[in-house]
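Paired with chain B in one complex and with chain C in the other, chain A is shared by the two complexes that follow.
Entry: the complex of A and B
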């Protein structure tokens, strides 16, 4: 099988790269192992919320120079400020073009999302239907005086009490209300099935809309907004608009514990966009091996083989590796070392002895979080010191940054994916 | 006997009592039970939660005397006797597994002969198996074995055992004050008359008087002795264990040789663990000591000789404890040290009346240690009441599981079996109706919301880590990924912590768990830890600022910063 571009990894970075390449007219295949980090995410996308020294970031654009000084190996630093910001802007526009209704922009600076633990966390892009709070003059401005949190009774992956502590800390009054439906009770009777996505499959059904709308309308009485855990609007995004119209108040979602409905919804939409663009998706497949050839000035990938396709090699003019970090199995490790899983690409930093991989302090920077492959300014990769001419890396498989502590996982994924796609499209 | 509502959480204060017990391990709880059953008033003070010291940390779960048959006949006999008692009085805390002592090509088969003779002399039925048969009996055992001996063996849950003893004690009038730290012993005219206590939750300090003060604080016994002005020399050695992500073995697998590092693999609940190491540590380190990577490597290397799958199986956590051994200056390895029970009457030993130290021994002999100590208290206070703790079952063990299962209202069979497994006949106190009875908090260990609520209501749960000890939330293969957020929600609903304090609870729990995970950060364990960080630091936004400054609430409050040189610190 021959394609212009082969994208390995079906997370945020892989999808963004694949869609961009297909938009650029490339025939593109996306080889995806299945669920990705998106399914365990908040549903918002962060760009940068903390510098390596721990200082908070309000305006990521303004902090990029400081980041480059503190972390020259960070992908933003390697790509350079100009390219990084250009790609971020491109991502914002792409999201709008793809019909993903988000709010927030780098120009406006970070806004805050409400976490299931009642924390307000700075982020870049959030879905319009999730609870967000603007920052003005360095302070969170909670837009409502009194909000109701309407939760599903006996749903354990979201505690309205704990979530409410966030708005309360910002001076808002909160009311907590529960509702249930006979169909939810039936689902709950199976003890391990009462999870966000399964609940949404029920709540999204048209036959339950009247009861749901009634519950929202009741909850909306005497408050300025209604917050719900993200356990609805998986397939029917306009459901929330309908509820909003009935209640005549804003109705917003708060992310729950895993699985993340907002993240799963994003993953699903990106797959649809890619397929609509004529892309080929190889779901639940995995690259097992590859062939490469040496050229005068580096290495070239000739083809890859996957589990599902056995002897049939998949070849492309260009490749994008977006397999994630350890959790996504883009990186693998044992007691003796860590390496990139598919091509054994060069790492940004050698992992060194195992005793240096983690810190005994849970909240301290964990060196293993920054493991990943070495890239150049257009996210090209290296094998045994030689550049791999037709293989770019995107997302968490790249080394040199800490997606959780720096709050930049989604940003690096989108910037690297769009930069890689851009370079391929331009034939760089 | 019926279990009318047993409740551990009362914090009723008294000014005086008959006996004060310092230390809430198995021995302290067993002592509270024995003393209260024999008609003494008593108060137990524990600076953290129950079973936080060696009881819950050192060789946590097991075992029969066979391991000591060759090297220590006295201990072996005590173990055999106490084991048969535990099977009767604590059946919900004990799992019968049987054990296999295997001889590998590099070991001496002569040892196996001596081992069988010694076992039989100690009253342990030991049966040499045909090696081929042994391999089929325990397929996870190293298949190169050249000899195998089967012995009766079992696994003990130290948390359940300690709580059951404490519950019985409380129902007989004992007071259980966890998170209350003894900061001084009151001594007047060569008589110990009471203790000074600090409530580590409210920070209040007060004094309680007693006729007898009993030092049952395990490895901390040296420090408590020093408060009374007597020298109790402890020789702390760190023992590390490694928990593997699922049950690899059916039988306890031991190496048939002189006890050494990592020569026992014990199955328990949904996991199994390999132990232990023996590393002498300084007395100052007993509150802070943690397993290091070198020990982890030893545990994996030696453990893989017992069961090769250990090399590749997912490691979920390692932990360590300090063996409460009274130092034997002639031996520095801590291995050949006799682990006999040591009961010190400081009146005859040091001329200090009203002060007693109980130490040494093993988890399995906790009851005997309590009986010996209570006998001494009887003699001192002129009371002559016989001990009955060897014949009266503990709360939870009055009825066999099949009988209890029939009494519980319709619940999914898996949940029902899990609560009976963990609580014995006390499972009937857990709500069997309503949504919480069938809502799972922990999917690995099948812990329902109702079981968590029950633990919070009756078993003195002050934080997430206490909850883990009571109902195993966060102890199974996922190590809390899903369940810690669910459990903390219930703690908030129950008022154990305010909703705004929940991030702090989670932060403490994560910090505590990480101590055992970070030496294992490679392979699957690294993947899991990355996921935990994404979820709790990333999605939830839990951070270091959520930790209460200066103290980790999920921990035994380590007011370890006693700066004076502790007594019993090994020379050098």
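Entry: the complex of A and C
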């Protein structure tokens, strides 16, 4: 099967690349090995919150030079400041165009999102309906004096007490309220399945709106805002607007432990946008092999073969590899080393001896987090030292950065995906 | 016999719960604990103590959407099916026997087709079926064909020996007993692509409705009989093709994974008709299509989603001039074979399908296209729009 572009990997980077390519008029296929880590994510997207030396980042735009000096192999450094910022701006505009209601921008600097653990974490883009706090003069400004945290009784993937510690640390008063609905009782029969998405399937139903609205209105009495765990608004985003109107107070969501509704909602939306653009999704498939040919100045991928499609090869003029890191199985390791799983592409840095891959302190940065493929400024890749002319990399499969420590996983995914799509569209 | 100590695929589950998120049944019916709990989670407990088996596993429709969603390659649907085979209480239900033994029911009903179709449309008969068999009176029953596809074939099929290659055709129960024109369309399309067709000497139901109603032993008997026939057919032809997504998924995947029938030697040769048609196209065969000025909505049946092969049918449909194709978001229609025909499931079945039915109505398509025969029944009844296999649409568009 022939396409203009073949995207391998169905996470944030793969979807962003595939949607951009389809917007540029390319026929595009997305090969996905199953649902992605977006389902575990907060739904907020970070760009850069910490430099490699541990210093915090408030304005990522201003910190890129320092990042380049400290980490020349970081994808932002490799792509260069100009391209990185241009692609970040493009991502902000794309999100608006795709109907993803987010707030935040690089121009405004990082804002803080409230995590279910009660931590305020600096980030770049958040869904409008999540709890976020602006930063002014280096300090978090909590806009409310008193907030209610309204949770579902017996819901174990979210602790209102722990979440409340965040606002309390910023001087706000908190009250904790629980509610339940008769319709939730059936779910409770399977306590281990009393999870965010299952609860949202019930709370999103129009017939439960009056009772839900009543619970929110009660909770809103005497407070400035109501925070709820993200257990509603999976399929009905305007439900929160309706609750807000009824309570006459802001009503906001805090992401929960997995499955995370805000992240899952992002995944669903991106998938629908891609299909609407005429993209072809190959769900639950995996690339098992490929054919490449040597050219005068490098290597060219001719086609890939997948588990589902067997003898029928899938070929594209261009390819984007967005298979993720170890968790996404874009990178694999054994006792002898680590390698990129599909094409065995060159890595940014050789992994070195196995004993240096991890730090004995679980919470310390883990060197293996920086493993990944070597890229050039337009996210082109290399095979045995030769450039692969028609294969770009996007997202966590790229090496040279630590998405957890630096708080830059979503940013690298979006910047690399859009830069790769841009380079392909321009024929670079 | 399967060795449970070697069958550790469920251990790959990380408890991420993405499967439950994409389970159409647990969404419509909270009494079903969902694929994670019923599948890998429950399996850990059932291995320790069989009393952890719980009858809610029968709510699973085996749609496989959990397996498609799973990032860790757990065969969740298989874990549930095997647990049902091992632990479910057996009680004989005449209704389940009628619904699932499609060869018996089909040959009986076909031989009496006009009478059966007439009676099945009568209110008192439907009342009786609901009251004594538990088949909802409002559900539209498939019409039976007076002449089966096989009997039509052996009473004057066009000659098939003048083509470059010959393929074997597994028609399946639905084309044989209910919709022989799908069989005829399959042959016409293959002929137009330069392939002659022969049938298997004998063919039995793939077994999927039998498994769904707990008749695993009968399903295995069918699988073994079909295996022998497929192997015999492959001595004469390179491929055995079938237009039904569910039969294809069952023979390729469920035979080894659920029924323990080894098909490794020929699994890749048992193929979906539109996939092989695409292959013939890539080899340079070009059928001539006349314009078909209609808008069709393509529905990805659950087992098509599992096979991952929708693209072939869609690419073929794109060859028909004038045909406008709308791609519906992939979701379950709710019927899940015989599932929706059972009174206790019928409400869940309709709830599952609601999203799809409204997408179909909103699309304003004149025809829905899907490779699944029971999706066809459900969509025609519930969305009020006719539904055909892509093979039928393509055959209709063939020039000359």
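The working rule: the second predicted complex is superposed on the first by the 428 of 428 C-alpha atoms of A that agree within 3 Å, B and C clash if a C-alpha of one lies under 4 Å from a C-alpha of the other, contacts with A are read in each partner's own complex, and residues count from 1 in each chain.
Following the convention adopted for this analysis, a contact is a pair of C-beta atoms (placed from the backbone, for glycine too) under 8 Å apart; a residue touches a chain by one contact, two chains touch by 3 or more.
Just so it is clear, the structure is predicted and the values come from calculations on it, not from any experiment.
When both complexes are superposed on chain A, chain B and chain C end up sitting side by side without clashing.
Of the two partner chains placed by superposition, chain B and chain C are both touched by A:40.
Centres of mass aside, this uses C-alpha centres: at chain A, the angle toward chain B and chain C in the superposed model is 90 degrees, to the nearest 10.
When the two structures are aligned on the shared chain, A:192 is found in touch with chain B and with chain C. A count of residues in chain A touched by chain B and by chain C gives the higher number to B.
Of the two partner chains, chain B is the only one touched by A:369; chain C is not. Looking at the shared chain after the overlay, A:201 reaches chain C, while chain B stays out of its contact range. Using the contact criterion defined above for the overlaid structures, shared-chain residue A:258 touches chain B and also reaches chain C.
Once the two complexes are laid over each other on the shared chain, residue contacts for A:309 go to chain C alone; chain B is not touched.
In the superposition on chain A, A:283 contacts chain C only, with no contact to chain B. Contacts of A:137 after superposition: neither chain B nor chain C is touched.
In the superposition on chain A, contact of A:53 is made with neither chain B nor chain C. Superposition on chain A leaves chain B and chain C with their closest Cα atoms 6 Å from each other.
Note: residues 37, 40, 189, 192, 258 of chain A belong to the chain B contact set and to the chain C contact set alike, using the contact criterion stated above. Here chain A touches chain B in the complex through residues 37, 40-42, 115-121, 153-154, 156-159, 161-162, 164-165, 168-169, 188-189, 191-192, 194, 255, 257-258, 260, 325-327, 329, 332-335, 338, 354-355, 357-363, 366, 368-369, 403-405, 407, 409, going by the rule given at the top.
Those residues of chain B whose C-beta lies close enough to touch chain A in the complex are 290, 293, 297, 300, 412, 415, 435-436, 438-441, 443, 448-449, 481-482, 485-486, 488-490, 492-493, 498-500, 502-503, 506-507, 510-511, 513-515, 518, 521-523, 526-527, 529-531, 533-535, 537-544, 547.
Listing the residues of chain C that touch chain A in their complex gives 16-18, 20-22, 26-27, 30-31, 33-34, 36-37, 41, 67-73, 268, 275, 278-279, 282, 305-309, 311, 314-315, 327, 329-330.
Across the complex, chain A meets chain C through its residues 1, 29, 33-37, 39-40, 186-187, 189-190, 192-193, 195, 197-198, 201-202, 258-259, 264, 272, 275, 278, 280, 282-285, 308-312, 328.
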